[in-house]
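In the two complexes below, subunit A is the common chain; its partner is subunit B in one and subunit C in the other.
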Partner chain A sequence: MAQILQYLANGLVFSSIIILGSIGLSLVYSIADFANFAHGDTMTLGAYGALVAFGVFGGLGGTVLGLPIGFFIALAVGMALAAVVAVLTHILVYKPLDTDSIGLLITSIGVAFVYRAVLQASFGTDFLQYDIRRSGPIPVLLDTLDVAVTQRDVAIIVSAAVLVVALHLLLQRTTLGRKMRATADNPDLARVSGIRTDRVILVMWVVGSALAAAGGVFLALYSQLDPRIGFNILLVVFAAVILGGIGSVYGAMLGGLLIGMLHELTPLLGDIGLPISNAYAPAVAFVIMVAVLLVRPRGIAGDMT
Partner chain B sequence: MSTLDVGGYSPREKGVAGLLGALAALLLLAVITGFLAPAYLLYLVGLSAMYMLLSMGLNVQWGYGGMINFSVAAFFGLGAYGTALLTASGSPISGGVSPIVALFGGLGLAAVLAVIIGYPTLKLRDDYLAIASLGLAEVVRIFILNESQWTAGSAGLTGIPLFFSDWPVLGDLTYPYVFNVGGTSLFYMSQSVVTSALNVVLVTVIVAAVYLFLRRIHQSPWGRVLRTIRTDEDLAETLGKNTFAFKMQAFVIGSLIMALAGVFYSHLVLFVSPQDLQPITTFYVWVAVILGGTGSDRGAMLGGFTIVAIQQGTRFMTDTGALPIGAAPLRLMLVGLLIIFIVRLRPEGILPPERELIWPDSLGGGRNE
Partner chain C sequence: MTDPILTVDGVDSGYGEVQVLDDLSLTLGEGEIACLVGPNGAGKSTVLKTVFGMLEPWTGSVRLGDREIGGMAPEDIVRIGVGYVPQTENVFGSLTIDENLRMGGVARDGGLDEVVAELYDRFPILDDKRTANAKTLSGGQRQVLAFARALVMEPDVLLIDEPSAGLAPNTAKEVFDDVETVNELGTSILMVEQNAREGLGISDRGFVLDQGTVKFEGEADSLLDDPEVSRLYLGGESRR
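Take a look at the complex of A and B:
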């Protein structure tokens, strides 16, 4: 039982990361209308941006949730960097293209390679880490529930929750959010209604990439940082988006939660005697993704925006 | 004379041919001056031909049928692993099987996987097919990486024999091999040159056979239906064609060609590992196809050649220390920029299909007038 609780706790952390990644992917899928294979590398980009910024601001005093204040500044820098790069990519690469969604999809693979090449050339392929001391599990939880959760895990979950709630408020409570929802729902109708959809698309890139970058930073904080982390997790993020229903932000959140949980619950299959090891966690997510595509291509959350 | 001179070569085709000719001359010069080992040049020729095969396989799926298959690496890998597991001395399963028999083992594995992957995914929308096939290819890679009791895992398989190792004459050559004409020895060749040359012969035969086969089916009624499906699947459906069956057939044929490339790769490099199944292999082949020209088999050949030029050229350039960037990121950068610029500037590729679509008889008829 404690083992299952432990898996669920791990799942919550991993889900937080997947959710941050899947929101942006889903936004691009619905508003720019293509499967963005560069999204994973946008996550990596944000993580490296934060790494560099942490080198500058890491020394700032004070801690929040066991992480230095400097880390949160670095996180913001990483998010801003990813947003700027994504907007530039949109303006320089995607926008001038006269092609269909398949052409954009193929182009995004090229974009992903360019991002990764730059990171690999600047930082090498070695595993890197944020220079923050790891602390042990929180004693209270370990004693009462027998679950090992570190302060760092809690920080990731709480930060992700804050970002998700902020996005929710943006979408539901502001005019900009209403414009974004309208554009995602029906771009032509939005345009004739007087919404400047090209600006909304820019905002969408900013929001999606900044959240992706946050996901990348937390992924690097959770495990390690190398130029491939983003691309390696991209398919799991796709699985979450498809499970939730492409184009639905709330579906992406739900899909991210489920896929993240299932990913971390995979060891359970081995525990009950099936010959499926931990290494198959992504494979389980991919198989679920294909099954969803076949049975319910609109995803579990359907058309909710 | 007809005004439509479809029998001649366009300036662009002449340009490409001239460029390739110049490059070939340069490489020959490098061999003669001792700058490049002959065996290495032959190895590069074999490798280019292997990428040509992969590109032609993808061309059947994407070029003819419009299917976005992102699992090229899986079929290539299964072909390579199929033959390696049967023939290699380091194989955890059997080993020691004749390469000719193992060839069919590799192809069989790929055909089974093609049906398993194709059956659920070919009904999907284009972009879903891309994502799903990439995911399933990763499942195959993860399987090979982790089931080390069958596949030797991340260590990879060593001890793969040469393709001709158990052939009557070719397997019994002594080295250095001396060419005798009337009792006088003309020149001799080292083992590496002979084996590389044999590999080139083998792959040339395979590429030629596949090329002729593809040209034949492309111009057949079957090929016409497939082109209709690519243009408008609903139309093909309305005309009473079972589009799923046609797509499935094209998917399996393409996958078998990719597996054939994998089999050849095993006997060329004599080592396979899960690294060969990385998604980057898939995207190399995609670059080759869209660069050469989607649906064009001559284009696929040009694309395959370009990929090897990028792979080896980046290695050469960084070896000389002229660049402040490693070979791997440089390669990634070039491939990425190539993709972006092709889609932007020449979405139809350098050698788009032209004459391939015309039945040869109709050309001959025009000339006789």
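Take a look at the complex of A and C:
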């Protein structure tokens, strides 16, 4: 039982990261109609941006959720950097290209290589870490539930939840958010209604890339940082987006939660005697994704936006 | 005819390389309802799309009053008093009725709440379902919502593409009644209608399009009475 709780706790942390990545991928699909393979490297870019910024701000006093205040400043810098780069990429590369969604997909793979090459040339391929002391499991949880959860895990879950709620409020409670939903729903009708969709699309790139960057920063905080972390997780993010219903923001959240959980619950299969180890977690997650799609071809959330 | 509020003058237009409109000219008088009729593929919807900036005129001119609007973007045209109701996919399905109406008013300078309240008064069917997603509406209700969304801007000119498409006869009649009501409140209307007799029936003037150009034009009544127009384009004998 404690073991299941432990898997669920791990799943919650991993899901938080996947959800942050999924939202942007789905947003971009809904407006630009292509699978953006540079999205994983946008996550990586944010993580390195935060690394550099943490070098500057890391020494600031005070802590939030057990992490230095400087970390959250670095997080914001990483998110801003990813947003700027994504907007520039949109304006300079994707927008001028007169091609179909396959052409854009292949282009985005090229963009991913460029992002990664720049990061690799600047920082090398060694594993790096944010210079924050790791603390052990939170004693109360360890004593009462026998679950090892660090303060860092809690900080990731809480931060992701704050960002997701903020996005939800933006989408549902503000005119800008409604314009985003309207543009994703039907771009032609949005223009007919008077919405300046060019601007709304830029906002969507900003929001999607900033959230991806946050996911990248938390992924690096959870494990460590190298130029491939984002790309390595991209297929899992795709699985989440497709499971949820591609193009749907809330579907991406739901899909991210499920895929993250399934990924971390895979050891259960080993526990009940099946010869499936944690190394096969991505495969298990994908098998379940396909199984769900056989039943619900448009994803769990269908055509919710 | 009253003074022209909308003038299409010698316009060629089309999709990509494919030309649809061929030297097309027409005028909409202030306060009128004018109806475009004609066979499938004649270019009726293309006229509306070209006027509204969804397509750019290759040659010729589109004027609102004296102002050239040919080639302006839809999001700018909507700001100078022209509204457009597309034939299909004309509501935001994943947004609520209320959000649909408010999206119709993003370009307003103020008074959005007042005009939305008026529209709820005029269309009680929408008032009853403010918080429902638009995709839950029936075909007729969607058409009313699409119509109301375009009215939030209180346009001087409204372009409507096939308001009766896919509707049962009773529902279509209600939609035509709404079109007449809106016109009586001062909006000039240029409408495309597959159902030519019904469309001309509520119109002041009509244009018969064929192969991208205007073949006949005149008072709606005289087009309905014209034996040649009836035989060629209205599917049978004239009504009298």
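Operating definition for what follows: the second predicted complex is superposed on the first by the 298 of 305 C-alpha atoms of A that agree within 3 Å, B and C clash if a C-alpha of one lies under 4 Å from a C-alpha of the other, contacts with A are read in each partner's own complex, and residues count from 1 in each chain.
Just so it is clear, a contact is a pair of C-beta atoms (placed from the backbone, for glycine too) under 8 Å apart; a residue touches a chain by one contact, two chains touch by 3 or more.
Note that the structure is a prediction, hence the values are computed from the model and not measured.
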Touching partner for A:69 - first (subunit B), second (subunit C), both, neither: neither
Which of subunit B and subunit C A:186 touches, first, second, both or neither: second
Touched partner set for A:101, first subunit B, second subunit C, both or neither: first
Per-residue contact with subunit A, leading partner among subunit C and subunit B: B
Which of subunit B and subunit C A:113 touches, first, second, both or neither: first
Touching partner for A:286 - first (subunit B), second (subunit C), both, neither: first
Contacts of A:170 with subunit B and subunit C, given as first, second, both or neither: neither
Touching residues (chain side subunit B, partner subunit A) in the complex: 68, 120-121, 123-128, 130-132, 134-136, 138-139, 142-143, 145-146, 279, 283, 286, 290, 325-326, 328-330, 332-333, 335-340, 343-344, 347
Contact set on subunit A toward subunit B in their complex: 34-35, 93, 96-97, 99, 101-103, 105-107, 109-114, 116-118, 120-121, 125, 231, 235, 238-239, 242, 277, 279-280, 282-283, 286-287, 289-290, 293-294, 297
Residues of subunit A touching subunit C in the complex: 175, 178-179, 181-182, 185-186, 188-197, 303-305
List of subunit C residues in touch with subunit A within their complex: 52, 54, 73-75, 78-79, 84, 86, 89-95, 99, 102-104, 106-107, 135, 149, 153
